[in-house]
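Each of the two complexes below includes subunit A, the first together with subunit B, the second together with subunit C.
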Partner chain A sequence: MDIATLAFSALYQFGDAFAFLVLSACGLAVIFGMMGVINLAHGEFIMCGAYVTAATVHAGLPLPLGILAGTLVSALVGVVVELAVIRHLYDRPLDTIVATWGLSLIATQGTLIMVGSTMAGVGTPFGSFQVGAYSYSIYRIVLFGAALGVLAALYALFNWTRFGVLARATIQVPHMAAALGVDTRLIYSLPFACGAGLAGLAGGLYAPTMTLVPTMGATFIMEAFVTVVIGGADVFLGTAPAGGVLAVVKSAMTSWQGQLFGQIGLLVAVIIVVRVLPKGISGFVLRERT
Partner chain B sequence: MSKSVLRGLRAAALTGTLVFGSSLAQAAENPIKLGVLEDQSGDFAAATIGKVHAIQLAADEINKAGGIMGRPLELVAYDTQSDNTRYQEFMRRVLQRDKVDVVFAGFSSASREAYRPIVDQFNGFAFYNNQYEGGVCDGHMIVTGAVPEQQFSTLIPYMMEKYGKNVYTLAADYNFGQISAEWVRKIVKENGGKMAGEEFIPLGVSQFSQSIQNIQKAKPDFVVTLLVGTAQASYYEQAASASVNLPMASSVNVGQGYEHKRFKPPSLKDMYVTTNYIEEIDSPKSKEFYAKFKAKFPSEPYVNQEAENSYLAVYLYKQMVERAKSTKREDIRKVIALGDVCMEAPEGKVCIDPKSQHMSHTIYLAKVGADHSISFPKTWEDIKPYWLGEAGCDLTKKDPMAQYTPSNPPPKP
Partner chain C sequence: MNSFLSLFRRLEGPQTVGRGPAFWGAFAIVLLAALAYPLFSDGYTVGNTVYFFVWVFIALSLCLIWGYGGSLSFGQTAFFGIAGYGYGILTINFGSAYGFTLLALVLAVMIAALFAVLLGYFMFFGRIAGVFLGIVTLAVTLMLERFMAQTAGPEWHVGAARLNGFNGMSAMPPLTIPWPGEPIVLFADVGLYYLVLGLLVLVYLGLRILMNSSFGNVIVAIRENPERAEMLGYDVRKYQLITFVIGAALAGLSGVLYTVWGQYITPSSMGMTAAALPLIWVAVGGRSDLTSTVIGTLIVLAAFQALTIYGSQYALVFMGVLLVLTVLIAPNGLVLGVMNWLGRFASRFLQRAG
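Entry: the complex of A and B
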């Protein structure tokens, strides 16, 4: 087997792992990393996005519009959850664990009762291509592209727009932002909706490739939390390098010894990073900069 | 002191009356209690809600026809949530508090091995109505599901003859997957083939890009998929979108998780499954069962193999209780030892093997077509669960309450 085939296969596996980590994590990076709300219902926002996407595609919409619908519905649900529950718990971060865990149980069981134990899949678009002895799914490349796109969009949103500056100011020193005339209540609810929408987007993007069941969110949540924890508070400077590091470790270990060792390697890498960089990768980068 | 003695006497008198009273009522109304511990939520729910419904269907039919020896059948059902500790909790509850006569319990082998010691400890009586990796030699258990000598000894030689002798196994990483993979290895070797590779996937994993590439690298003639749970079922869609295009063989897919209904064609094309029942089986008995099921549960997504196992288990229990004229396990086992506990099930005739307390089955080879329609290229009638008996498990003589595997057979006497 020649070097080019091997290199491409390693790159593809890295991109695949990177896309999964980043897309799982970016919604949580906003809600947990930035806002400090420990959102255990993150997986259920992903499930919501996937279900809405599949339902709209079954109803006849093309897949991209279905994914958009999934994203928007999740964001709307995020607004409602923020208004009804999360808003009252910003000073009590530990209580958000209980509240969002309860929400996640209600969402999983509610979906099971109302929609049933499974939902028919929609099928992966685009087919496959061949490099050397291996064939690859084109859609996985699309997922990698989507992960890069989401990261770029988040960077632009939080660094280049007025909303991004206000949101960061509000979250860092809320009373000072309020004193300067910022409507902090509104600013708090928008990032939450944004995070929920990103989770819905991840669900929508992965819906064609996965089994659709009420518990599907659980398969994302571990990857999402470890990526955000080692990434730290900054959405872009944290999630992107964290996703990169973990994807290298995970894809290399999986290709060497199989899925079990991929997971072990991922968690060992997390322990090492948390031990060496307690404020996460972004904390390290930002300290160097100042 | 005299006071407490008096209280004791009074209590004894009272209980005496109660016992007397209940033995009078027993003949008329005292129900036979059947505990149902199945996963009605969580990762396994898709495959197991139908089992609960099947038990309800059978119980309704039996009660309408006058119950068991004139006693109605009462179900005590708990949702075990695809969680092994729930099984232990609820098994203690049904045996100690609800005092059920028999328990129907378990989907995953991990859950069965979690609750089995509790059944043994409290001297209970349990039915495991699920296909599994085989080898449980325990007088407290009756297994109505199919086992490897029924599913793999038929399937693997068929596949090797049709597609070739290079076999790759992709299995769930827990006792079921590991022991089933051992069976596949053994049968492939006996038939002169070789293992192109093996990978064990932790439960809950849903991303398979690297595993797909490993399979392509090993270039097998077909892949044995022993994937369990809804997360792992994502493999088929991902393999299809990467154009792996290899035939697949399985003892768990289609017959449990109806993947051919859940995924868009053609992701399960050329999947071969050995099962003792699925709703597509075209026989009068099967059609009748399917019609009854759909009449009672019109929104049931699929009537799978484990639903049929659970349904026939209720009727087998009825037959055994009526022949033993007792619900006591030891009396029922005397009936089993006669070796003629059989019934006409939706799949065909089934019998309980007295040595292992497992069941003989009709095994259907189901093939999934490109449009996800099912055809049956081959059927094996009356395949016996012979391995345990031949290996040395004989429950009519000795009850070791253990699980054995090909590499860990029963000790020779």
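Entry: the complex of A and C
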């Protein structure tokens, strides 16, 4: 194998790992960054998005519309969960984790009872292409593009829209924002729906690449947690660089020793990073700036 | 002698519910009933009760770390699994002669505690707290589960002990007490019952003493306000680490006893669902008190088993609903609420009578 194909292979694996980390984490990061709450039912929102996508594709819709449907349904479920449970627990972040874990149990087991132990999957679109001796899936490159797209869209949302400005003001000084007439309760409740929708999007995007089982959320959450812990509270200064760093660790370890060691590498990286940078990458960057 | 007596005085205090002759009278009655129970029951039911008791240790460990210490750890099942596997590996390799199983129990618990020292050092000395602590511990637990689940091949073994992947380890020897003549083998019925009951009473009373000692008061002070505790000159990180390690040892004890009880241990004992269950028992019982944790754990376990008979799928959904409702409606725990109400009722009754 010559250098060029080797470099392409490494780059491809990096892009794949980066897309997976960023897409699975950004929903969690938005909720954590805005509300200071960790949503342990995150994996189940991803599962919801994947299931709805698969169901709509089976019903005859094209895949992009199916993914859109998965995103919207997850966001709607997020709104309902926020109204029913999360809203009452704003001042108790630890209890929110516990409650969302309860929701996760209900969702996983409820899906198992209602839909059964597996659901028919969706075929991976676009086929593959050949570089050197190996063939690569085109869809993985689409996923990488989608990850970049999601980051860009979030950046635009928080920096260029009125909602983004109000949201950032509310995070910085909630009392002042409220005094200036911002409906802070609404500002707090929207991110949850937004995060749930992003989780649904991740589920929809990955639905064609994996088997659909009720516990599929668990495949995502470890990576999502790890990225958010390393990244810290800010989506752009945290999640994106954390995704980049971790993708290097993961793809290197995976190509060296296999999938499992890729994940173990992630975990070790996290434990070392929390010792060195307790507030994550974004905390480090922000401290440097001020 | 004097210091020994003062140890006993620590059995009651501000950090634990229950004091005075009424409480200890009730405690003695419950203990006597528990001691006499195997006489009126069959071996299978007694073995099943041992199974309940085994889980109380992990619940107490979570009560200590979460309820008293204020750091939510999802990693208790990791220590449970490590100690369980540790016991299996040790006893399969070295057998059960000369009371080695008892030594293996202690060693396995120590392995879990050592792992907690390592993990806890990085977490507490990195000063991560609150939600991040929960996430890191949960990630460690899930990672361990995934690691053990893929050890199916024959290349994964420690000495003579095959790890066996998702099916888990089995056929390790039960606890054996060396005895002149014939060693006493503690199978999962009356013998093991008395051992586990004895350990349970020891751990319960020991934790009561610990929590009402100055160490316990500092732990609670850190839960209430870490900055204040720090300003008063306590090294918060050290206290948190010690609590975490004690909790890990208790969870490990639970894991060893579970392995001894069923003579098997599987990776799913560290999975998402397994990690959620202790949380549910402790939350429903009332995490900030030892007694309510014990009672709550036993009640919820019994209810869960009763529901499982009608359909284990629905039992888990019910557990999830129970957890969400507890957090929303009775954040301090249902059993603790009832206990406090009973206490107030009793004291009012006594006042009127006296």
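Methods note: the second predicted complex is superposed on the first by the 288 of 290 C-alpha atoms of A that agree within 3 Å, B and C clash if a C-alpha of one lies under 4 Å from a C-alpha of the other, contacts with A are read in each partner's own complex, and residues count from 1 in each chain.
Note that in this section a residue touches a chain if its C-beta (ideal position, glycine included) is under 8 Å from a C-beta of that chain, and two chains touch if they have at least 3 such contacts.
All figures in this text were calculated on a predicted structure; none of them were measured in a lab.
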item	value
Joint occupancy of subunit A by subunit B and subunit C, clash or fit	clash
First, second, both or neither for A:117, with subunit B first and subunit C second	first
Contacts of A:128 with subunit B and subunit C, given as first, second, both or neither	first
First, second, both or neither for A:109, with subunit B first and subunit C second	both
Touching partner for A:92 - first (subunit B), second (subunit C), both, neither	second
Which superposed partner A:60 touches (first subunit B, second subunit C, both, neither)	neither
Touched partner set for A:181, first subunit B, second subunit C, both or neither	neither
First (subunit B), second (subunit C), both or neither touched by A:263	both
Where subunit C runs into subunit B (options 8-16, 98-106, 206-214 or 260-268)	260-268
Footprint overlap on subunit A, comparing subunit B with subunit C	108-109, 112, 215, 218, 260, 263
Residues of subunit A defined as touching subunit B within the complex	9, 12-13, 16-17, 20, 108-109, 112, 116-124, 126-128, 133-140, 208-216, 218-219, 251, 254-255, 258-260, 262-263
For the subunit A and subunit C complex, residues of the former touching the latter	32, 36-38, 85, 88-89, 92-95, 97-99, 101-106, 108-110, 112-113, 215, 218, 221-222, 225-226, 228-229, 260, 263-264, 267, 270-272, 274-276, 278
List of subunit C residues in touch with subunit A within their complex	72, 119, 122-123, 125-128, 130-132, 134-136, 138-140, 142-143, 146-147, 150, 272-273, 276, 279-280, 283, 313-314, 316-317, 319-324, 327-328, 331
In the complex with subunit A, residue positions of subunit B that touch it	41-43, 45-46, 49, 173, 199-202, 204-207, 209-211, 213-214, 216-217, 230-231, 233-234, 237-238, 240-244, 261-264, 267, 299, 301
